Amino acid sequence: MILAIFIVFSLLSSSYASVQDFCVGDLSGPEGPAGFSCKKAASVTVKDFVYSGLGVAGNTTNIIKAAVTPAFAAQFPGVNGLGISMARLDLAPGGVIPFHTHPGASEVLVVIQGTICAGFVSSANKVFFQTLKKGDIMVFPQGLLHFQINGGGSPALAFVSFSSPFPGLQILDYALFGNDLPSDIIEMTTFLDAAQVKKLKGVLGGTN
Amino acid sequence: MILAIFIVFSLLSSSYASVQDFCVGDLSGPEGPAGFSCKKAASVTVKDFVYSGLGVAGNTTNIIKAAVTPAFAAQFPGVNGLGISMARLDLAPGGVIPFHTHPGASEVLVVIQGTICAGFVSSANKVFFQTLKKGDIMVFPQGLLHFQINGGGSPALAFVSFSSPFPGLQILDYALFGNDLPSDIIEMTTFLDAAQVKKLKGVLGGTN
Amino acid sequence: MILAIFIVFSLLSSSYASVQDFCVGDLSGPEGPAGFSCKKAASVTVKDFVYSGLGVAGNTTNIIKAAVTPAFAAQFPGVNGLGISMARLDLAPGGVIPFHTHPGASEVLVVIQGTICAGFVSSANKVFFQTLKKGDIMVFPQGLLHFQINGGGSPALAFVSFSSPFPGLQILDYALFGNDLPSDIIEMTTFLDAAQVKKLKGVLGGTN
Amino acid sequence: MILAIFIVFSLLSSSYASVQDFCVGDLSGPEGPAGFSCKKAASVTVKDFVYSGLGVAGNTTNIIKAAVTPAFAAQFPGVNGLGISMARLDLAPGGVIPFHTHPGASEVLVVIQGTICAGFVSSANKVFFQTLKKGDIMVFPQGLLHFQINGGGSPALAFVSFSSPFPGLQILDYALFGNDLPSDIIEMTTFLDAAQVKKLKGVLGGTN
Amino acid sequence: MILAIFIVFSLLSSSYASVQDFCVGDLSGPEGPAGFSCKKAASVTVKDFVYSGLGVAGNTTNIIKAAVTPAFAAQFPGVNGLGISMARLDLAPGGVIPFHTHPGASEVLVVIQGTICAGFVSSANKVFFQTLKKGDIMVFPQGLLHFQINGGGSPALAFVSFSSPFPGLQILDYALFGNDLPSDIIEMTTFLDAAQVKKLKGVLGGTN
Amino acid sequence: MILAIFIVFSLLSSSYASVQDFCVGDLSGPEGPAGFSCKKAASVTVKDFVYSGLGVAGNTTNIIKAAVTPAFAAQFPGVNGLGISMARLDLAPGGVIPFHTHPGASEVLVVIQGTICAGFVSSANKVFFQTLKKGDIMVFPQGLLHFQINGGGSPALAFVSFSSPFPGLQILDYALFGNDLPSDIIEMTTFLDAAQVKKLKGVLGGTN
């Protein structure tokens, strides 16, 4: 008899109800200002909400001795529309995540292993930095230049979370010296010497 | 002569202007995190903004002696993108809308007929409930567990509005006992006795 | 023994936790762009979430034979910060809610008694209107001019909900003719005849 | 050697990264509540972010002696999803932008040439107007009726910006008298005389 | 000479500029719907952006063998206004975070140590759960019932991030059985047996 | 008789109605994440919505031959809460607004006089720049590095608008070399040579 209890609610479980809870990104569909199109609800499984890509250490055998492994909406479509995403930071001893910004999100970092000196500069041009130990968390307000350095003698690991599935990532050196922005424009807009610009363009593959 | 007055503005009435005012849901198009795709403006009529489905009383000849009839974006595509939606509650004498949440919206309820005892529990674990009479309104903050009971001797009717076209609806008993969530997980995560879980699974059609 | 279960969570019920769920408006505190300051959580009771002011019919013995009774955040502080509010419309036979806009919210209307001819005009200058019967709902997109008319022979009652606790209400005639806006400016910006402006200013108490 | 520096970051430049920074409107794709679909990132060029349509004066040889030239998302798809748009106002001596609202945005105006008397009416029915000179800026809150008049002896030019790519534009006279809204409804909902309505309908091409 | 370069910009570093970048919570000031008042910018230091409270394991010597340690805006005022917050989960072998919701945020969890079986139930009543290993991340959409269980033989540690500084936390058992909600209301709205309600009220300190 | 028409609406003009339309910033009150507290509605005048500070050319007799004059909420409290603000750019021949970001807003620029070469770099490291002539507008997506250069032989003037009353402004050189950020950290996080850092610190007054 009680079997009939919730029949009146069952219309809410209909095929059109998918937007209610989540919107797993369908990377083959049209994108909009709010993110990717939603995968059909009927084909969504728990695999869409789990991502294992951050379980593997990034390769730090490079000049910055560091690696960033993102789990943004493009890599982990389950976060599409949910206002959050993550990334993994690996820093070998002496490793550095160079000055960068996330144009679309604030970030919070938690140190899992080792120590990390992290900092940011505010619009009011005030510098905030501190060496974080295991278990410390630090927040970086949206859009501000910030960095992470492993000044310790052992590898460091951190996980960072963002207030958007599309935080973006603009690395300063890459933006200035790693594309075809003409050197004279760089010099005029940064006051850097021509030789310095030329040197870093050489390193980062910049042209013009 | 004055006929030419507004010709300069008329470009705003062009075919691409449809997003400006509304976005009637096209349930056959791709969905995104912000809702359904928009029906072409040229084919939108007043019928898209009117819904008669709440004019009919829900069937309360069931064990909860109550019915919820939604006018969310899936049923009433005119509200898509407009930050609002509605539903109708019918409660026979003794009828109950069991504990539930709306993950995506706050709710305001107005009693049209009869009396309704309504309440919610806050994150701080404080209980707020009161018996509402005809014309009273009550607001339920987003995402909190709440319920409605008709403790009176006559049928009760209420309309509820939501702060989103996709409020969602998660009914506690249905979520716990009306699907394939394994009984041992239910017991561990709710502290309910195995017999209690088995009994309600039987009632609500749960498996595993 | 089990009594200790949730002690670890109890810090979340601390005195600073009030913003989590709701923010009942403290009308004596500072206002901000997001609404009123929050009443201290400790003094919030169920009375803050219930409002009885819409249970009484508005007085329709006036020239428009209609009345609007609001339950916005100023009248019903419980909705502050929750993205929703309500109002009650009473229309005697022949009653009219004149052309008006809500600058800050979309609206959904449900007819409780009688019939109401309701309509709005889009930015693309298309007119959408229909006579609604009991139980019908209609949505009015944010910021657009709209109206309600009781063309039937019996009183009409409707409840309207808004997608903001601060929907605002700008009544066209009142904005044009019920203040100190100079008549020559009105004439220039509306193309109305001077005599018409003078007449309605007389009715509505406008000066200048 | 240093050439390998940023290889670890390069996965962020992948083909799915387009939503991160911008979403140039693809007017042929599906629209959603948040705006147009995004043009494929690979085909976006600087041309998408530049618009020259506001460089040409609007034609003011009409009865209002004024012109509005919009650069909303429909005309300038580069602003899609970016929360901003613009328009150009040209007012010959005696020119008037009649009472209108933008249902979806606040507006800020800067006077480039001449003088402009601009004003708005608040929900509380208070009138705010002032004659602006070159270089003055004025803000008009979202959804409120406002106007601009060139009371000076020389042409006036202003640029206006909006807090949305889809501000909308509802011109009062056009909404009342420039469509098929029945005259009796207009009269009932505005208190205007039948003769006045008929006259302006004649001017603006209204029917019914 | 070049010393004068940025003098023209320096007005932006004025005392009123504090809202631009961040709004460290001043827990003694008025709260509003958007969060706490901002601490004066001049007194903000890097200590405001760093929190060490998650570096210490929660006490799991309780019946659930688990602990949640929050770093919400109330504990870590640096996240106020930044759309993000965190918490730490410690689960001894057999430990359980019982069914709960966050009314105001989506959540992403990263496993640091051990294994965790985590799951949620959607509005459409579909169950999504999986055992996560070290380095796996899982996302829980806003407002949905979810749980975490350490089914492994060793302690588990996870960090969770939220899409709001005020995610809220409503633990199902605590909401039902740990306050003064009358037993007959609980029974009516959950279909639980009276004996079951009485038993859990006894455990969790519920009255009435 | 008709004098009584709108009496029923007059309660909406009450003293608590101020949040409905606008929230002119009260810079002496508490700030919150959404902006400044609101000035009392009764004391708001049209002066609060008009700002003349952009009518005066900025002083370009400095090394960058350029000046930025902001009309953000701190300078023009009328925009508080309205999602928009402005600034004025003056560039003498050869003048440069160096690389900078606005962490909190997208920007649209309109050229009023002269020509301006403007550009930005995307997260995907693509460069978008073009020389704009009088009347051209260009949009810069939120948070991305961008610049403006007057490469022409005559002074250039532009007005820029932002999608927030608190856009923020972080000038790259100022952030790197104009504060107390230690030189070794700068070198590590930018790959600039020590001599280059020292030189620019000297110019911009940086210490450490």
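Points to keep in mind about this one:
Each chain carries a letter (A, B, C, D, E and F) given by its place in the written order, and its residues are counted from 1.
We take it that a contact is a pair of C-beta atoms (placed from the backbone, for glycine too) under 8 Å apart; a residue touches a chain by one contact, two chains touch by 3 or more.
This one's a predicted model, so the numbers in the text were calculated from it and none came from an experiment.
Of all chains in the assembly, those touching subunit C and also subunit E are B, F. Counting hops only between chains that touch, subunit A reaches subunit F in a minimum of 1.
Each step here moves to a touching chain, and the least such steps from subunit C to subunit D number 1.
Ranking D-F and E-F by contacting C-beta pairs places D-F first. Superposition on CA atoms relates subunit A and subunit D by a rotation of 120 degrees, given as a multiple of 5. One inter-chain figure worth recording: subunit B and subunit E are separated by 26 Å, centre to centre, where each centre is the mean of the chain's CA atoms. Separation between the centroids of subunit A and subunit B, computed from CA atoms only, is 35 Å. Under the contact definition stated at the top, the residues of subunit B that touch 2 or more other chains are 2, 12, 17-18, 20-21, 30, 32-36, 103-104, 119, 122-123, 125, 129, 141-142, 144, 168-169, 173-174, 178, 191, 203. Taken as a graph of touching chains, this assembly fits none of the simple shapes: it is neither a line, a ring, a star nor a complete graph. Those chain pairs judged to touch are A-B, A-D, A-E, A-F, B-C, B-D, B-E, C-D, C-E, C-F, D-F, E-F.
Residue ranges on subunit A touching subunit B, taken from their complex, read 1-9, 11-12, 14, 16-21, 23, 26, 29-30, 32-38, 80-81.
On the side of subunit C, the complex with subunit F involves touching residues 27, 30-36, 58-59, 62-64, 66-68, 70, 72-75, 103-104, 166-169, 171, 173-174, 178, 203-205.
Contact residues on subunit B toward subunit E in their complex (touch as defined above): 96, 98-99, 101-104, 117, 119, 121-123, 125-127, 129, 141-145, 147, 149, 168-170, 172-176, 178-181, 185, 188-193, 196, 199-200, 203.
Taken together, the subunit D residues at the contact with subunit F in this complex read 2, 5, 12-13, 17-18, 20-22, 41, 45-47, 49-52, 54-56, 71, 76, 78-79, 82-86, 105-108, 110, 112, 119-120, 122-125, 128-130, 132-142, 144, 159, 161-164, 191.
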